[in-house]
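Look for subunit A in each of the two complexes below; its partner is subunit B in the first and subunit C in the second.
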Partner chain A sequence: MSTSSLRRASRAAIVEPEPTHSAAVIALPTTAASAPGANVTPRQQATPKTRKFLRRPVLLGALTPLALLALWALSSRAGLVPQLILPAPATVYDAFIALVQSGELFANLSISVQRVALGFAAGAGLGLLLGAGMGLSPRLERFLRPTFLTVAQIPVLAWIPFLMILFGIGEALKIVIIAKAALIPVTLNTLDGFRNVPRAYLEVGRIYRFNNLQILRSIMLPGALLPVFTGLRYGLTHAWHSLVVVELLASTEGLGYQMVMARQLFQLDVMIATMIVIGVIGFTLDKILAQAETSLRRRYGAAA
Partner chain B sequence: MVRRILGLALILAASLIGGALPSHAEDKPAVIRIGVAMAGVGGRPFSAGTYISAVHVKGLLEKEFAADGTKVEWNFFGGAGPAVNEALASGKVDFAWQGDLPALVGRSLGLKTRLLLATGTRFNTYIAVPADSPLKTLADIKGHTVSNFNGTLYQLTAANILSTVGLTYRDLKIVNLDNATALSALSAHQVDAAFTSYYSFGLREKGLIKYLYTTKGQDPKLTSQAGFLVTDDFAKTHPSVVNRVVKVLVGEARWASEPANQPALYDIWAKVGIPAAFFAEAQKGEDPKVLNSPLFDPFITAQFKRSAENSLHFKLIRSPADVDSWIDREPLNAALKSLGLENYWPQFDKDGKPVVAQ
Partner chain C sequence: MNRFEKYLGSGVTLPLLILAAWYLGVHDGFLDPRIWASPEGVIATAREQLTDGSLYEALGASLKRDLLGVLGGTLVGLALGVGLGTVRLLDELLSPLLNGVKHIALFTWIPLMSIWLGNGELAKVTFIGFAVFLPVLLNTYQGVRSVDPRLLDVARVLKLTRTQTLRKVILPSAAPSIATGIHLALIYGWLATIGAEYLFAVAPGIGSSIMEGREQFRMDLVILGMAIIGGVGFLLNVVANRLQARVLRWQAPQ
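This part shows the complex of A and B:
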């Protein structure tokens, strides 16, 4: 499941910015509502009338997991699915508490977080450089973009056998794969961000006789800030996804390892508890970045 | 021909009588599904190391049940014991051959099974290291990256072996890899050591690895064993089928126990993709009668109990697994009696010393 959704997500990140070019050029100067990256939440699109209803997305969002939880509890109580295959929510909760108390969860989590931090820093750093480079220099873009897109089309799982031979199964492999996952959306969104800074602004800058550095600092960077941030957000999400993929494969610690170990010993409660932790952390990370993005948009979207 | 006509007549009669005699109809399952916690090199549908491999290759169960119209389905799981547990839990297999640890994991979780036969007993584990490894003794392994196939009998055996030098599983950095992947990781120096078996002899032939340690020739309590079991559901609905399956297996265990049959047995095992010579080497100096005994003698029973205790101790299972109530000796005893093999296999006491017949 993770593989296909990962692939879908990365493809979405690659393809999505394309059709929004023209929209962004038009939208950016007028309103702060939409931006490339298509991360528009309903709240921002809503008209004043529907806004009241959608004000409580938290409530609405909580409905689905609560319903799923109820369904899960009911089906395990009714014995629809054997306990062995789908342990009851209470069992999974107990497993979670045991994982917390033994310190195992925290130990594995901190390993996983370190890996993501390192991989993301490397991938996003390189992505920012590449994206900015290509965004500022059309010649560099012509040189690099086709190759970059081709490389980006190869899914994580297809890279792993080759990277394993190259880097072994140690830390380097994990960091490289996470970095690669973050690199692609960051590069593409940065590229888009720089390229889509309205020509008119540049012209204004030239009229004021800004030098290149001033143009970069006062026009390009603020203008590209939002899409770049969107790219970082995607990058982090992808980094988190691929982390679990690599940790499932060959690992001596981390959340993915904890899952594999639990599966090998048929501790499905531990496995499901870990899955939920992975999901909740991924969700929280994305939520935090989405919040930051919104406040950035309020600040710079209008200013740009 | 006569048998076939008779069989047809029986089926006709049975279908005519229909619901009147449900018990007879029920003891002819459409299919017997066997799960094997092993697959050959590259996933070949073969197994090695047990008389059950010979039963499979010779099609003995298929012959036994042909007249009943019962099909025999063999499932070989590259994911080994843990994968067999998943198949057992979701009702995909009726019989299973798996290592003691996964079987105990299933037992402790409440998988309803009956342990019918011992098999793959006195199995030796090897710790392989790259040929140029600086590691000298078992204790040197501390802190190193070591591959093991978690959840299989290797995990428990590894914990047992480590405890002999005061180490625990947590003193190593364990990478979960199957046998084949472990060996390529080892020869590429991606792990410092690997818990493995005769499976690795090929790499040693090529001079890529050497052995840091083996259980061969040491305390037999460090060897591992597997079991052949049936689900409770199947045993309840088809008791006579269970007896017939066990009888076929015990008969073949006897064939496999004869010294003269060893070359043929190794050839059968070689179908997994490992040269027959490696099996000959692995079993050199050991009595085939001991290795292929299906008996739950005091030693094997004690081994399963020790495994249950140690699994709990090493936190591989979270609730105790009772062994005595798990072993169902009736089909085995019936088979031994009807085949006249009651005294064929030697017995050993709980520490592995021969029991002198009274």
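This part shows the complex of A and C:
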């Protein structure tokens, strides 16, 4: 495992911590305090030594999970762990197959995905507008910033009971919460991106007598592309994590609810299977976006 | 325009407008008074809770939980981070697993933990510790791994022992990363505390009291709770920043 992948690793651990100090612009504080490093591409970071290192440990790395799996299977076969505390891996697998075959998994999954898609679209859309607006107009920023930071300072978790009173526990609640989770990193990173477009580019634009629209299209947007994408990536991760929380707390369908239900019925096999599904989706989302970010960086990164 | 900018365009305008809309809304009826508490109602509740001590009690319980979890998680995270960072075999064995685990959204662990550890204080503190453990571990690991190899060479030339190298070279140069990890631990720990209080059994705490407020449709309690959660988060952040600056004062500014 390279340093860079662990670095990336540290970002997505929890729903939504936003420190208000300026580094928080990079959205998640793991990166926040090490903000300078956040702009270094994994590529730049990997010294030849770590690269070589990358190829070697695949086998060893697979060893621990496999050993744990074997231990798990053997101990439940030997009856060391009661099934009520930890069902055997085979039981979990069977539960997973049953969930797939009954269609339950896909029903809940599609509801969860829909919620994230809607909430993320709303939150990211608004975040892009707000961030671009504040990035382009210092006047607007001055007007909105304190209010925005106050809203951001109160974590999603604390908004949930308030919004539950306002919206009940229906779809609206989930969409609003997911939107809020996505809104904050998208706005902050977009703002940051627009603000940090190099002055020199703007001056070049002015020399060429670009009008405002041209400056926006050919200088600001490409210049801010990478931070904006980073914001979207964090936004989506936050959205996914918030979905789980809100579904655990208040829901009658969706993956989180599937877990709550299984917990109440003491179906640990279903619970663990659902956890794994949630984990795999989170992992896949993150990998795809990280990949996309890397290739964007390769294309546009030289400029910024 | 200048004057307009100065007064209306400043950052306090919007909060004041929101406050005014809230106040008028409750008193002139476009906000449903059965749902909405008035701003002065929230202040009255805050005052009441301050005088009868229930606020301190809830906050104290939450902070105690938070502190225990953060301490435990940080210690384990530090130890394992240094271990993974210095012992390559450990790194190769464990890093991929940890990398997989961190993708499981934190709160999905709660149902499982409630079965393994019950619903009480033990489960809550463990959950908080777990939430804190990963960011501390990852940042420590990263700090230890990015120690300048030249410094390690010097240590080797000077024939420092392993412990000496760790104490004199590795830990000092990993200090900024470790500080970042601990900073994160404070933030994550607080969030995990609130989440744990929501999802495990009810016990005194700020998260529980905000949920109670929701069940009784007491918006005043909920808004007060939100303010406190946000405020504590803010203060923890300030404290962490101060500590970080203090501890790292000897470092050359980068």
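Assume the second predicted complex is superposed on the first by the 231 of 304 C-alpha atoms of A that agree within 3 Å, B and C clash if a C-alpha of one lies under 4 Å from a C-alpha of the other, contacts with A are read in each partner's own complex, and residues count from 1 in each chain.
Following the convention adopted for this analysis, a contact is a pair of C-beta atoms (placed from the backbone, for glycine too) under 8 Å apart; a residue touches a chain by one contact, two chains touch by 3 or more.
Values in this document were obtained by computation on a predicted structure and should not be read as measured data.
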{"item": "Touched partner set for A:234, first subunit B, second subunit C, both or neither", "value": "neither"}
{"item": "Touched partner set for A:252, first subunit B, second subunit C, both or neither", "value": "first"}
{"item": "Partner chain(s) touched by A:168 [first = subunit B, second = subunit C, both, neither]", "value": "first"}
{"item": "Contacts of A:272 with subunit B and subunit C, given as first, second, both or neither", "value": "second"}
{"item": "Subunit B versus subunit C as contact partner of A:260, first or second or both or neither", "value": "both"}
{"item": "Subunit B or subunit C, by number of subunit A residues touched", "value": "C"}
{"item": "Contacts of A:82 with subunit B and subunit C, given as first, second, both or neither", "value": "first"}
{"item": "Common interface positions of subunit A, toward subunit B and toward subunit C", "value": "85, 165, 260, 263, 266"}
{"item": "Residues of subunit A that touch subunit C when the two form their complex", "value": "1, 3, 5-7, 9-10, 12-17, 19-21, 29-30, 32-34, 36, 56-57, 60-65, 68, 85, 139, 142-147, 150, 153-155, 157-162, 164-166, 240-241, 244-245, 248-249, 256, 259-260, 262-263, 266, 268, 271-272, 274-276, 278-280, 282-283, 286"}
{"item": "Subunit A residues touching subunit B - in the complex, by the definition given at the top", "value": "82-85, 165, 168-170, 250-253, 257, 260-261, 263-267"}
{"item": "Complex interface listing, subunit B residues touching subunit A", "value": "82, 85-86, 89-90, 102, 105-106, 109-111, 145, 150-152, 155, 173-177, 185, 188-191, 316-318"}
{"item": "Footprint of subunit A on subunit C - complex, ascending", "value": "5, 9-15, 18, 35, 89, 91-100, 102-112, 114-116, 131, 134-135, 138-139, 141-142, 145-146, 176-177, 179-180, 183-184, 187-188, 191-192, 194-195, 198-199, 207, 210-211, 213-214, 217, 219, 222-223, 225-227, 229-230, 233-234, 237, 240-241, 244, 254"}
